[in-house]
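The structures come next, written out as structure tokens.
Note that chain A is present in both complexes that follow, paired respectively with chain B and with chain C.
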Partner chain A sequence: MRARGRRLFNRSLGGNMLIYSFLMLLGVIMVLPMVYAVSSAFKPLNEMWIFPPRFFVQNPTGDNFSSLFGALGESYVPFTRYLFNTVCISVIGTAGHVVISSLCAYPLAKHRFIGSKVIFHMIVMSLMFTSVATGLANYLILSKLGWIDSYLAILIPGFGGSLGLYLMKQFMESNVPDSILESARIDGAAEWRIFWRIVMPIVKPAWLTLIIFSFNGFWSMGGNAYIYNENLKTLNYAISQIVSGGLARAGAGAAASVLMMIPPILIFVITQSNIVETMASSGMKE
Partner chain B sequence: MKSKGSRKLLNYRGRRNLMGYFFCAPFILGFVLLFATAFAKSFGFSFNEVITDMNGYSLEYKGLEYYHYALFVDPEFVRAIVGSISGLAKDLIIILIYSLFIAVLLNNPMPGKTLFRAIFFLPVITTIGVIATLELRDSMTQAAMDTTSQSVSMLTGAEDLDLFSYIESLLSAIKISPSMTNVIFEAVNGIYHIITHSGIQIIIFFAGLQSISPSIYEAAMVEGCGRWEQFWKITLPLVSPLIMVNVVWTVVDYFINPTNEVMQKISSRFGSGEYSLSSAMSFINFAVMGVFVAVLLFVVNKFIFYENK
Partner chain C sequence: MLNRKKDPAVALRRPVLKRLWGDRASYFFMLPYLSIFVVFTMLPVLVSFLLSFTYFNVLQMPRFVGFQNYIKLFTQDEIFLIAIKNTFYLALVTGPAGYLLSLTVAWLINELNPKLRAFTTLIFYAPSISGNVFMIWGVMFSGDSHGYLNGLLLNMGVIKTSIQFTNNPKYIMPLVMGVSLWLSLGAGFLSFIAGLQGIDRQYYEAAAIDGIRNRWQELWFVTLPLMKEQLMFGAVMSITGAFGIGGVVSALVGFPSTGYAAHTIMHHLEDYGGIRFEMGYASAIATFLFAIMMLSNHAVKKQLSKIGR
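Moving on to the complex of A and B:
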């Protein structure tokens, strides 16, 4: 805490003002579309089509939200089912992705074993391949496995995102001191224990970041080619169906986009406030 | 791995290898099963014509025909690839510098830090998240009903258009010439593009900055090191491994983004059932991108500092 106070104190007042106003300016650019989206969500339908468009809402109304929930309530599958699907996929998918990519990243970063370089290069290369082209082949494989029309078709491929692995590997390589691992090994800790008790706490900022990405990705998952059963489809898919209902649904669409933004933002704020400055090397006395 | 028998059979190095494979097993299993197989299959498709029928599909060998078509016959494909590479080269450096800059600024202790961070995180949601997918799907219906340009205003991603037209009418109201406003808009549009594409990079740099121990800065300050020097001598070297991640992410994000011209060509071919051609195009795109990334990583790797090596 002392260091923090001093760092702030070190800079001149003018410098602070300059940085603040710069951030404010950029912040405003980024917030404007968001403000517009929120204000549109409260616009009555007739106000939505005014030309030129008004930035702020004149007569705020909650109609859009009620029409959204009305539309969701009329759907063939209950709204809560879509919500359950999305939450389920987001939570399980994120947890699996973080654990599996960290598990794989640890030996790649900290142990040179036969073939580790090859595995790593393969993974980086796979990042660059588009999933569009493999779509057909993917479908064939998933159907052979019998995963079509089940969560597995979304979850299992989602577990193995290469970017997460790459991030974790890079992080472990630069932040986990070899000497901590060595002393743990001398004290008789097994690798499994070292991984969970030493490596993971040190790279906490990395996996909290990974949670943000991964959750955002799963949460925004729309309809895809592997799921046909209406009971298994996601909230995002349901909402995009409602939105595509045309002009009359424009208000509901604006309301939906605002509501759907909330969970990723919440996850972001929660994870960010959980990151305390880690003391990667604080245990070390050289 | 832990049983006594294997401990006797394997020496230290052997156990170490086994441990590595054990930790990587879930990932590699999925990788081979889902990615490598699909990859190999599509590679096969790119040399064959895929004929679908009631019982599935059959293949007819065509050799390099599809590659030849993509590279020499299709008038737009090569141009699209060249265009995307030159566009990327321009953006990449600006995005990296901008995102590191913002991350360093936002990492400073100051009131309202979390709020600022959340604001800078917003583009991640709007560009790769929910809004983007909603908007993408909607753009199809829009094309049909887009008689009034107003229907664009429905979802956030397209919002800037309205915002611009709003500002434009404002500027013309105070008698600023259209050519002048065009210059302003191009600049603003460029900024907006960079800002919306740097969200993830900023967060990755955050993670790097947060894991730098404050005691290093304290020691530097005791030695009389100013903030400028601190940045170049401490912050930059310690976050440099993440520059690699960000380079890879930026390139991949750019090339694989559905709005990329090359990707649009590939998906439209795929959508119209020309699986072989779209595979061949993907592999060409993949090869080009692979070479691009390899060169970049080779260069960037020279400047990276690994603390524990």
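Moving on to the complex of A and C:
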């Protein structure tokens, strides 16, 4: 990685040009709906339904945002409570998921013991059983535990998601050389120390990536069958209630989808710039 | 010593209890995750699997019916057969295409300088971050004259009456495929990006000296073999995404779609599990879907093992 600035091998100018134009074209398609979403958020109501439809806003206005906050202000539970719930769930859920699944991924990737293969296969297989069919059983288990109507019903099952474990295990397997672990053990380091001081720093790109989509998942969580108390519901749920208020709320809906995008994007930018830094500064790997 | 990879023969000769005790640190690391996994993932999956052999309407106790649900699925349920056809059609197109798109874009982005790379990654990952912004495709292809494409075509005089993109079975499938592809740069894509960045540049330098001529050879003989674990992860993401397609389709073309033109296995499951509350039957559908995904995972694994040869 030290050679980041040096020229790449095996590259031709023509090939580069082709690649850049391909990326540009594809990038425009990917980002077009985003641009539209932002542009719509600033459209006055009469511009949303004109014919012929216009892509870009003509007379930008902040009305949609004030109507959104107006509607949120009238709700039975204060808007800040929804925000608090969502932030709590997203932050605690993501942190717990990353730590707990990384802890489990380490022995699965780097130790060999009775049951290691079976356990890993079961976790990967569980990704393929759709959660739609397991909802009922999940509900029964949560109610037996008395966790219905509490954060626990969302957080604890969220900690044990299979996706994060799978990602961490794959990265640990391919990126952490056995020789480093071996020499640390010879130096007398305990497994706990090896995990935090050696393994986790090496797979930093993996857990930064996991933070991105774990946060994204928790953040966009709407209403579900386990939470009935209005005080514990999420921001996304509150907003979907407002947006379902029909055509008159279309503007507020557009404003809401833009605002809801901001935190995941911020998390993305922060973690991605960290990935780049790790890569530039570490001469890791044997 | 925890690591038994050094001398497995010696390790295997030791009694089981001693080995379990010797590996206690490993089990200790896994304890928090596994306890959650067993209670909230394994147990519900097992329950659902067992329910697939029963008649269960949520109100009465489940009644054991053997393979009846499965037999009914394949012999009496015509809509399910349509769902299977649609699901395979969708999955076989969007799965591989989305996978290759993720990999290609990740690989191309990796050549950019770090700042530009982070920005480009964001642009391509944006559809996954954006929640329900994909509904904008619904607006673009909306069947009335306020749909952008219809409005444009009407204005230019190409068509006289608007085209029912979201209702006409002829257009539904391509529309759904397009939007699924647009959404396909998700978790797999990010793991490719992170995997590519973890490859040490020394390998490329060595490969160039060893006579690798162009970027294709470099990709096939150096890059891909070094990111096999990520490729496998991405494949599982693509498989579960492609066969589990459902929610996006309902949002775009309604549920049920006109003439069941885009009715997938997930829709069928939703129908019986969420609307009719025939949980036994729904569980049989889920188990069948699971079997399909397992088989495709097996097939993909085989293909991936050929990389670099």
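Methods note: the second predicted complex is superposed on the first by the 262 of 286 C-alpha atoms of A that agree within 3 Å, B and C clash if a C-alpha of one lies under 4 Å from a C-alpha of the other, contacts with A are read in each partner's own complex, and residues count from 1 in each chain.
Just so it is clear, a contact is a pair of C-beta atoms (placed from the backbone, for glycine too) under 8 Å apart; a residue touches a chain by one contact, two chains touch by 3 or more.
The model shown is predicted, which means the values in this text are computed figures rather than measured ones.
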item	value
Clash-or-fit label for the pair chain B, chain C on chain A	clash
Touching partner for A:V176 - first (chain B), second (chain C), both, neither	first
Which of chain B and chain C A:M128 touches, first, second, both or neither	both
Which of chain B and chain C A:R185 touches, first, second, both or neither	second
Which superposed partner A:A206 touches (first chain B, second chain C, both, neither)	both
Partner chain in contact with A:Q58 - chain B first, chain C second, else both or neither	neither
Interface residues of chain A shared between complexes with chain B and chain C	3-4, 6, 8, 10-11, 16, 19, 22-23, 26-27, 29-31, 33-34, 36-37, 49, 51-53, 55, 100-101, 103-104, 106-108, 111, 113-114, 116, 119, 122-130, 132-138, 141, 156-157, 159-160, 163, 165-167, 170-171, 173-175, 178, 191, 195, 205-206, 208-209, 212-213, 216, 220, 236, 257, 260-261, 264-265, 268-269, 272-273, 275, 279-280
Partner chain B, residues of chain A touching it in the complex	3-8, 10-11, 16, 19-20, 22-23, 26-27, 29-34, 36-37, 40, 48-49, 51-53, 55, 100-101, 103-104, 106-108, 111, 113-114, 116, 119, 122-138, 140-142, 145, 156-157, 159-160, 163, 165-167, 170-171, 173-178, 190-191, 195, 202-203, 205-206, 208-209, 212-213, 216-217, 219-222, 236, 239-240, 243-244, 246-247, 250, 253-254, 256-257, 260-261, 264-265, 268-269, 272-273, 275, 277-282
Interfacial residue positions of chain C with respect to chain A in the complex	1-5, 8, 11, 16, 19-20, 23, 25-27, 29-30, 32-34, 36-37, 39-45, 47-48, 58, 105, 108-109, 111, 114-115, 117-118, 120-134, 136-137, 145-148, 151-152, 154-155, 182, 185-187, 190-191, 193-195, 197-198, 200-202, 204-205, 207-208, 212-215, 217-218, 226-230, 232-233, 236, 239-240, 244, 266, 269-270, 273-274, 279, 282-283, 285-286, 289-290, 293-294, 297
Residues of chain A touching chain C in the complex	1-4, 6, 8-12, 15-16, 19, 22-23, 26-27, 29-31, 33-34, 36-37, 49, 51-53, 55, 100-101, 103-104, 106-108, 110-114, 116, 119, 122-130, 132-138, 141, 156-157, 159-160, 162-163, 165-167, 170-171, 173-175, 178, 181-182, 185, 191-192, 195, 205-206, 208-209, 212-213, 216, 220, 236, 257, 260-261, 264-265, 268-269, 272-273, 275-276, 279-280, 285
Interfacial residue positions of chain B with respect to chain A in the complex	2, 16-17, 19-21, 23-24, 26-28, 30-31, 33-35, 37-39, 41-42, 45, 50, 102, 105-106, 108-110, 114, 116-126, 128-134, 137-138, 140-141, 145, 148, 150-151, 153-157, 159-160, 162-163, 165-166, 169, 191-192, 195-196, 200, 203-204, 206-208, 210-211, 213-218, 221, 227, 238, 241-242, 244-245, 248-249, 251-252, 255-256, 263, 266-267, 270, 275, 278-279, 281-283, 285-286, 289-290, 293, 306-308
